[in-house]
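First chain written, first letter: the chains are A, B and C, and each begins at residue 1.
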Amino acid sequence: MTIDLTHRQRRLIAYSIPVLAVIAALLFGAIMLVLLGANPIEGYGEMFVGAFGSGDALVSTILKATPLLLVGVGIVIAFRANVINIGAEGQMVLGGLFATIAALYLPSMPAILMIPLVMCAGLLGGAFWGFIPGILKAQYRVNEILSTIMLNIVAVQLMNYLLRGPLIDPREVELGTRIPQTERLAEAADLPIIFGDRLHIGPILAVLAAIACYYLLWRTPIGYELRAVGLSEHSANYAGIKVKRTITLALTLSGALAGLAGAVLVFGSESHRMVTDGSTIGFTGSAGFNGIVAALFGGLHPLWTIPASFLFGGLIVGGQALQRAVQVPSALIIALNGLVVVFVVAADRYRSKLLSYDRTEEDVEGDPHKEPLMGSSYDAAPGLTHSFDQEDNS
Amino acid sequence: MKLKKRTVVIVTLVAVLALIGAACSSDSGGGDDFRVAIVAPSASNDLAFTQSIVDAANMLVEDGVIGEVAITDGTFVVEDAAVAIRGYANDGYDLVIAHGSQYGGSLQEIAPDFPETAFAWGTAADTFGLPNVYAYEAASDQGGRVMGIMAAALSANNNVGVVGPIEVGDAKLYVDGFKAGVLIQKPDATVNVNYIDSFSDVALAAEAAQSLIGNGADVMSGTAQMTVGAVGVAKTDGVLWFGTQSNQTSLAPDIVVASQVYHWEHILEEIVNNVVDGTLGGEIYAITFANDGLVIEYNDAFDLPDDVKQLGDDAVDQFKSEG
Amino acid sequence: MSDFFTLAVFIGVIASAIRLAVPLLLAALGETFGQRSGVLNLGVDGIMLLGAFAGYYAVLKTGSPWAGLAAAGIVGLVFGVISAVIAVTLQAEQGISGIGIYLFGLGMSDLLFQKLVGTPIPIETFPVVEIPLLSSIPWIGEMFFQHSIPVYLAFLAVPLATFVINRTTFGMNIRAVGEYPEAADSLGVSVNGVRYMTQMIGGTLAGLAGGVLAISLGIFQQNLTNAAGFIAIALVYFGAWRPMGVMLGALLFGFVNAVVLELKTLDVIPRELSNLAAMLPAIITILALVFVARRFRAPAALTKPFTRAD
C-alpha cells in the first residue's frame, strides 16, 4: 500500500495514532461503563481531573509515574541489548529490601549521607537480582524469561519471610497483630519533600536516571556495546565485543534501576516503612510490568520514557479516581488499562508499517535524535529473544 | 529540535484535557446523609475479609444509619490504597474506613492532613494517638476456640486440619485460637496447620486440604479467601468444615457445620454515632462474643449432635461472661 | 520426618503433583505451539482467567462440567484469534501486547464474576474416573489412574502434540515458520496463516486450562489462576519447546509444590521458614535447568513479526 505522504503528514500521523489508540480504548471502556450503569462522560471527566486536574492530582500522578520511569529506563537498557527483562517485579522487591536493611542497620547519620547510602543499597539489591538471571544466561544458558519469572516468585517469598520474621516491627509483635511490616524507618532516610507535603525528590532521581541512561547508551563505550549486541549479536561478537558479558551487564543495570525504584517506593511512601500484604504485587503495585509498558510507550528511548511514564501514571491514577467517582468495580479499571496497552502497542506497530519506508539506516546507527526505536522496520532489527546459545564465545 | 516540539504538543494536549476534565467534573453533593467510604484489599464478594465489612456497611445503609457507601476494593497495593483514602477524604466523606492491616502506616500520615474527616482502621489495635482515627479488630481467636472445641468433639479420628494463607494478622489469630480450642477438648488430638503462603492460590489451598485429609483429618477449618478451594475438597471427601469471617454454608451445605461471622455493624454504628456527635476518633473497638460482634452461625441443614452444640454454646457463654 | 517417607504419603504427593500440573501443562502446550511458530504470547494468564470464568459460568447455568469445558475452550479460541490479530496482523510488540491481554483478562473475568454472579456459588466438578484394570494396580493405580477425565486428556495431549509438531505437514510448517519464515514463505507456506492457527490452538488450550482449573476446584474467584499462566510460559522455555519437556517441567513444578505442602502438613517445616519453603518450586525449576544439559535453542523467529519484503 503506497501512499505519497509529505514529511509533515507523516509526522502528523505519527503523533496522532497513539492518541487515537487511547481514545479507541476509552470508547470501548465507555461501552462497559454504560453497561455498568455509569455515565462515561462524567466518569472520564473525573478521570482527567483525578490525574491532572489539580495540584494534588498532579502530585499523585508524578509519584505514581516515578517507579514506572525508573523501571522503564532500566527496561530500555535491557531492550536495547535485546534482552527482555520481566524480572523487574522481583528486582524492585530486592532493592526495597536492601535499602530497608541498610536503613535499619546503618548507624544514625545525617540525611545527606543516609539517603545516598540507602539509595545505593537499593541499586545494589536490584542489580544483584538482575545479575543472577544474567549470569544464568551467560554461563548456563538458562533462558532469562524463565529465570526472571521464577525469581519474581522467590523475591516475593523472601520479602514475606523477612517482613514477618527478622525485620518485623517490634510493635507488631508486642501488639500481637503481626502485620508484615517494618518499623517506621529512620527519618534521616526519608526522601526530602520538595513541594507541598507529598512530592519528594524521587521523581527528580528518576529523571536524572533517564538522562544518565541516555548518556550511557549513546555517549559511552559500554552503551555502544549494549546497542551493538542488541542490533546484531553476531556482528558484535565479530567486532570483538564480549556478548555474554554485555547481556549480563544489561540485566544487571536494568535490575539496578528497578531496585532503585523499590527503594524510592519504600522511602518515599506515606508510611516510611516497608510493608506488604503477602501478595505477589502488594509491594510493587505491578510497577515492574507497568514499567515495561512505559518503556515501550516511550519508544525505548530513555528521554521519551519520561513523558510516557507521566501519561501512563496519569492513566492509572485517573482510572482509580474514575472508580471512586462513579463507583464501578476496580476490576473494570484493570481491564481498561489492559485495553489501553493493547490498543497503543498494536497501533504503534501499525503506525510504523505505514511509515516504514521512511526508515533507513538511521535506526541501525541508533541516532537518538531521530524517531525512537519502536517503529523501526522489524525486518532489519533482531528479535527479542536470543538464539545465540549455540555459540560458545563469551 | 523535535524533542522540544513534541514535548510542547504533549504538554498542550495534557493541559487541554485537564481543562476539559475540570469543566466536566461534577459537584460532589454533600447533603445531610452520612457518607462512608471503604478501601479494602480483596474483592467485595470474597466471602471473607472484605465481604464482612461491605456487608456491615450495606446493612447500615438499609437501616438508614448511613446514607451512602462508596467502595474501592481489590486494593492490595498499599500506595494505591493511600491514594484512595486521600481521595475519599478529599471528596468530603464523613468516615473513611481503611479495611486492611497493611494500610496503617499510610493512614498515620494521611489522617492528620484531614482533621475534619474520621478514619477507621481495621483490623488493628492502634490509633497512633490521633484524634480522628478509630481502630477495630476482631477477636477471631474467640470463635476459633469455640469452633475448635466443637471440631475436636466431632472428629472421630481425633485429627483436625487447618488451611491458612500467610501466618500474619487476623489469620494467625484465628488459627492459633482454633488449634487451642481443639487441644482443650482433646489434648491428644492431632492438629495439623498448613499455611500455604498465599492469600490467592486457590488450587494450592485445595491440595493442602487433600494433604491434610490424606493425613487423617476428618474435620477442617481455614481462613482467608483462597480457602474456597479447601472447602471444595472437603465437600468432595465428606470432611466437615468450620468457616470464619463470613457465613460459608452456601459453599458446601452438606459439610459446613458452622461459621464464625464477623458482624461489624454494631461497632460501625457506634463509630458513626460518635462521629455525628463530634468525636472523630481515639477509640479501639473489638468485636467479640460479648458484644455480639462475633456470632457463630450454624448450618441448619447440618445435623449437629446436641451435646456438641452444647459444648459450643458453653464456650460462647464463657466468653460472654468474661467480657 | 519419618512420617514423610511412607508409601501413602508418596502416593498422595504424586497424585497431587499431577493435579497441580494439569492447568500448567495445558496452557504451556498451547503456548508451545505458538512459540514454535515464532509468536510469544504473554497474555496466557489472561486467557486462562477468561476461560475459567466462562467455564464456571456455563456450569453454573447448565449444571454440566462438559458444557463448561466447551465454553472455556470457545472463549479461549476467540481470544486466541484476538491475540493473533494483535501479534500477527497488527504486528504489535510481543513483549508487551500480551501483558495488555493479561490485564484485560484479569480485570474482565473479575468484573463479569462480580456482576453476573456476585457471592460465589459452588458448581459441579468433574467426577473421578477410574480406568478399569489399571486403577487396581497397587500404588500405581492410585497415583495415575484415579483422576478426572480432563487430567487424562491433558496428558494424552502431550504425545499428540509431539506427533503433530514432528510428524505432520502442519507441524513441519509450524517449525519452518518459526525458524525460517522467509524461506517458508517462498515455498508457499502462509506464515501468518500458520501463526493464526497456532495462536488459536494456544488460546483454546489456555482457555481449557482455565476451565479445567475452575471446574476442578468447583468455584471461581478473582485472580483464580494466581499467575499460573506466567509459570506456564516459563515452562515452555524449560521444556525447550518440546511437549515432552514441557510436561516434565509442569510435573516438576507440581511435584515440588506437593512435597512442600506435605512437609507443611506434617509439621516438618518450622513455621518461620515457611516462606523459604514456598520458594522451592521456583528455585528447583531454575536449578533443574542449570544442571540438565541443554541442546535446544529458541525458534529463530520468536517474537519477530513477518512481513513479506516488497
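Following the convention adopted for this analysis, a residue touches a chain if its C-beta (ideal position, glycine included) is under 8 Å from a C-beta of that chain, and two chains touch if they have at least 3 such contacts.
Everything numeric here is computed off the predicted structure, so don't read it as measured data.
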Quick one: which chain's Cα centre is the longest way from chain C's? B
Is the number of contacting C-beta pairs greater for A-B or for B-C? A-B
Inter-chain centre distance, chain A versus chain C - centres from mean C-alpha coordinates, in Å: 27
Between chain B and chain C, the Cα-mean centres are separated in Å by 33
Would you pick out the residues of chain A that each touch at least 2 other chains? 157, 160, 164, 329, 331, 334
Any chance you could list the residues of chain B touching two or more other chains? 43-44, 74, 166-167, 197-198, 200
Would you please write down the residue numbers of chain C that are in contact with two or more other chains? 110, 114, 222, 226, 274-275, 278
Residues on chain A engaged by chain B in the complex (per definition of touch): 15, 19, 41-42, 44-53, 56, 60, 63-64, 157, 160, 164, 171, 175-181, 184, 197, 265, 269-273, 275-279, 281-286, 303, 307, 311, 314, 317, 320-321, 323-325, 327, 329-331, 334, 369
For chain B, which residues are in contact with chain A within the complex? 2-3, 6-7, 9-10, 13-14, 17-18, 20-26, 37, 41, 43-44, 70-80, 82-84, 86-88, 90-91, 100-102, 104-106, 108-110, 113, 123-126, 137, 165-169, 172-173, 197-200
Within their complex, state which residues of chain C touch chain A. 40, 42, 46, 86, 90-97, 99-108, 110-111, 114-115, 222, 226-227, 230-231, 233-235, 237-238, 272-276, 278-279, 281-283, 285-286, 289-290, 294, 297-305, 307, 309
Contacts from chain C onto chain B in the complex sit at residues 8-9, 12, 16, 19-20, 23, 110, 113-114, 117-122, 125, 213, 216-219, 221-224, 226, 228, 257-258, 261-262, 264-267, 271, 274-275, 277-278
Of chain A, residues touching chain C in the complex: 32, 36, 79, 84, 86, 136, 140-143, 145-147, 149-151, 153-154, 157-158, 160-161, 164-165, 280, 289, 292-293, 296, 329, 331-343, 345-350, 353, 374, 378-379, 382-387, 389-390
